[in-house]
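There are two complexes below, and they share chain A, which is joined by chain B in the first and by chain C in the second.
On to the complex of A and B.
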């Protein structure tokens, strides 16, 4: 009797739970199946000249430590690290201004600058960076006109070019996450600090910045993971000279048709992403409760 | 020997009662606008040294705006603000030497209790031993010694409020600002915190501006009350004066309970007038009845405790039927339907010991006036 009433009580609280959860479960099953397929492939042997994979082997993973591939992994982590850092440096002032601006025009200008890149495809954004970074591009013609350089500088096919474009691609996510964190900081904290004698810079350093650390951690980890899977930007701007994991996977899978090795690269990339994110979380955990005293 | 808090009370000016030059806080013709809305309209206010001044008004009346102007979080469009005779109208908040306690306390969640209380001292680059000593004194003052290392979230609401008070006082502010500090506390805690705050404020002699919309809180705590409505100060006086001699209709109905009874003006005698309510007569000041002629209808404002149940019909102000009796402990609230004098219910506040002989709901009674002075306004 009592049990029945508990049941009916639950049903009344969440009557459509099963109905609503069903699509999510289907999606999750699909993803899990795809992931299982990739994992299964990563453990199969490559049969040259055939699209069919051979028997089970660990040789693919053993090959990963060869300098040629290990190098790409290290480069990718380094590019992701730099991209996440620069995105944070560029994104924080934008997010801060977005949250604190009283002027509506300024607010919408920041929002447009920060968020519209989301609505353009990655390929479109990357092509526009080619226009800016090319040897006859906007940046070089400016530098030449201003007399800062004698000959065009090489931006295309460099790590600098790739990271610049990646920062632009990643910026909207960072700004949105930081703005969300900053807007949740009660203005009374900053007012209290000011009343106690802290000037604007000290208010920022001792109150606003520490209270926004959850947003910074979330933004940086997301930017890192987001960049790790970048493909179009390093492909087009790196032009084969700056390779990230996704480009290597593409070359092996669709140029060499070595599906098993491409799969093991993907799996390794996934594991590496998780490892780096876990490391970042661990390193940031003392930051989450900064002690001031 | 118990550690006696080492707070120095600011020296009281011999007679800093009038004029902007000697006031602890002086606002002169201050106007603040938000877009097209005028939050404060040419307000002048002089707070005396060491007094507890309450800004009382309904929400949106401009009282918090006024507090933020004194704190320096807002800059007025026109007018001047001075603290201790020094013009600070455009001095930023962090140079004003003001302690403020917020409604939600705004304790820094990433700092310990000691970190919070010591924040203002660290900003002043005071030496470490002195900081520690003053933190200990301030926490002793608010009876929180021993909780230095706790985090704000590990404290009860009352404890958080004490930390907020200690943090505001430890910098020895020229003015203490309190923004609805008791609204988040439950009733019993609120009463004891009010008493304690008043004691601390007296002990330190710190000039205090207190914002509230709770009229009973204002009456019990304040040295003087500024009643604010629509961006203007409607009345500024002691709690007793504001309660007994409200300057206008708004103040009369906003502060305390008031019965508005239909009466008529019987006789004018210079500055006072006699108003007739049934067989009862009451004297009212003429200043609130400017332009009313003898015989015209007026609204008589009578406090519930100024009405009683009449023994005889001889001096009955009105007759009515008891609609409800509400036992309040020390007194009984008696709601009476008396359609001849009021369209709503008339409230009588009768001491409990007199209530033994009262009759149940539905009984007809005669109401008499217990006071011979009241206040009346022209009929709305």
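On to the complex of A and C.
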């Protein structure tokens, strides 16, 4: 009797724990198995003309340092860096306006407009940018009509075009993360600074901006990772002239069926992503510590 | 002019310009969709609905919508159950490997989608089952789970624990409290979590490209193949339908669920 009540008492502290965690464990295992499959393949030899992979080898990773592939990695990191930076610059004013808007209708409008692109999918958004940036697209038609240029400007197949579309892709998530951080700043800090005589610019630079660092870090790291993951945008707007890791992986997998090498590129990309994320977090942690005080 | 007023004007202009940048592709693609000619021209010389008719009648798009709905229905529902249960456990309990499990399940947010797609493709090939819907569904569950987790977790955090305590003190069993008090209070979070999962799964492209085959290709994959081969405005027409549908769903979600609260961009109080 006493033992039974002890047992039921213990169960009552954490009812449903096993039942609720088990499906999540299953999903985590499935995901881990998929990543393990990539890692395992990255160490296998490529058998030309066959989908089967051969024995274990390090040749795939050795091939990664060849200038052709190293170049794509460097380009990808550079494009990710530029995209994340521009997204932050464009996203911050929007997040600030979203949080500080007093008019409810205006707030809703900003929110829906800022968030909708997140749910449109990469292909639709990329196609829309092709219509804007193409040689007889919207931008060139306008420039020609206004007499600003004599011949269409080349936006397609350029880094400029790819980065413009990528900024558009990562903007919603940046705005969400910045707005989450901005909305959780206690307004009394800003009011206190203002009442002590700080002007609006000073209040922003010395109070609001430092307090929003967690949002900036979260936004920039996510933007970086998402850009690294982008495939349709560099493929369609870059048109083979702007190559990112994602394009190389797909090309190796589905054009040459060299899945082992595609896998090793993926693993290298994964390591690079996590290294950059760790670096950004480490660089930001002193700022985080300031926030704690 | 006093500084605050000048700043507000400048700020307003900046925000308007940014909103313009976000809306520009959608507006331009709408113009292109109603252009009766097959070649882009701005502004269009004559207007027509024919690209919409052609897009709706196109077999690959129809199959893509069908496949997409099958995958989305399964993936978002599974992710909802798994994610909601796990968010509940995360919020209420301490258990072994809690942080590890949380990190693994949130990591698809930063792991490149081509890696995840490739992984599921290789895994499916090794396990020897044909590339059917199950691989795509499994892959999508993993991809959308972080969004369900986040959405339900935020609702749990905003929930007043006194309501559950009141029910329990009146003699309700834990199961009864869960079903009659907790779940109804979580409903907005559950609905929005499911909605996000469904929209994201329906739109997932990069990972889908790896795990689908011709027979199972979802709409984004069908659209991608179309853009690579053809240049007519059917694609613009279907983009417009996409944009209108998504904006409608989000506006409704904002009206009924309070998007700001769901996305945690607004203080609960």
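Everything that follows uses one rule, which is that the second predicted complex is superposed on the first by the 277 of 293 C-alpha atoms of A that agree within 3 Å, B and C clash if a C-alpha of one lies under 4 Å from a C-alpha of the other, contacts with A are read in each partner's own complex, and residues count from 1 in each chain.
Keep in mind that, in the parts below, contacts are C-beta pairs under 8 Å (C-beta built on N, C-alpha and C of every residue); 3 or more make two chains touch, one makes a residue touch a chain.
Everything numeric in this text was worked out from a predicted model, so none of it was measured.
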Partner chain(s) touched by A:257 [first = chain B, second = chain C, both, neither]: neither
Partner chain(s) touched by A:15 [first = chain B, second = chain C, both, neither]: second
Touching partner for A:179 - first (chain B), second (chain C), both, neither: second
Partner chain in contact with A:56 - chain B first, chain C second, else both or neither: neither
Contacts of A:211 with chain B and chain C, given as first, second, both or neither: first
Which superposed partner A:191 touches (first chain B, second chain C, both, neither): first
First, second, both or neither for A:202, with chain B first and chain C second: first
Residue contacts on chain A - larger count, chain B or chain C: C
Overlap of chain C and chain B interfaces on chain A (superposed complexes): 199
Partner chain A, residues of chain B touching it in the complex: 71-73, 92-100, 102-104, 106, 108-112, 114-115, 118-120, 123-124, 167-168, 171, 177
Of all residues in chain C, those that touch chain A in their complex: 3-4, 7, 11, 14-15, 18-19, 21-26, 28-29, 31-32, 39-42, 81-83, 85-86, 88-89, 92-93, 95, 101, 104-105, 107-116, 118-123, 125-126, 138-139, 141-142, 145, 174-175, 178, 199-200, 202-206, 209-210, 220, 223-224, 227-228, 235-236, 238-239, 242-243, 246-247, 249-251, 254, 259-260, 263-267
Chain B contact footprint on chain A (complex, rising order): 186, 188-189, 191-199, 202-203, 206-207, 210-211, 289-293
Sites on chain A touched by chain C in the complex: 12, 14-17, 19-21, 23-28, 30-38, 41, 51, 90, 93-99, 107-108, 110-117, 119-132, 134, 136-138, 141-142, 168, 171, 176, 179-180, 183-184, 199-201, 221-222, 225, 228-232, 236, 245-246, 249-250, 253, 259, 262-263, 266-267, 269-270, 273-274, 277
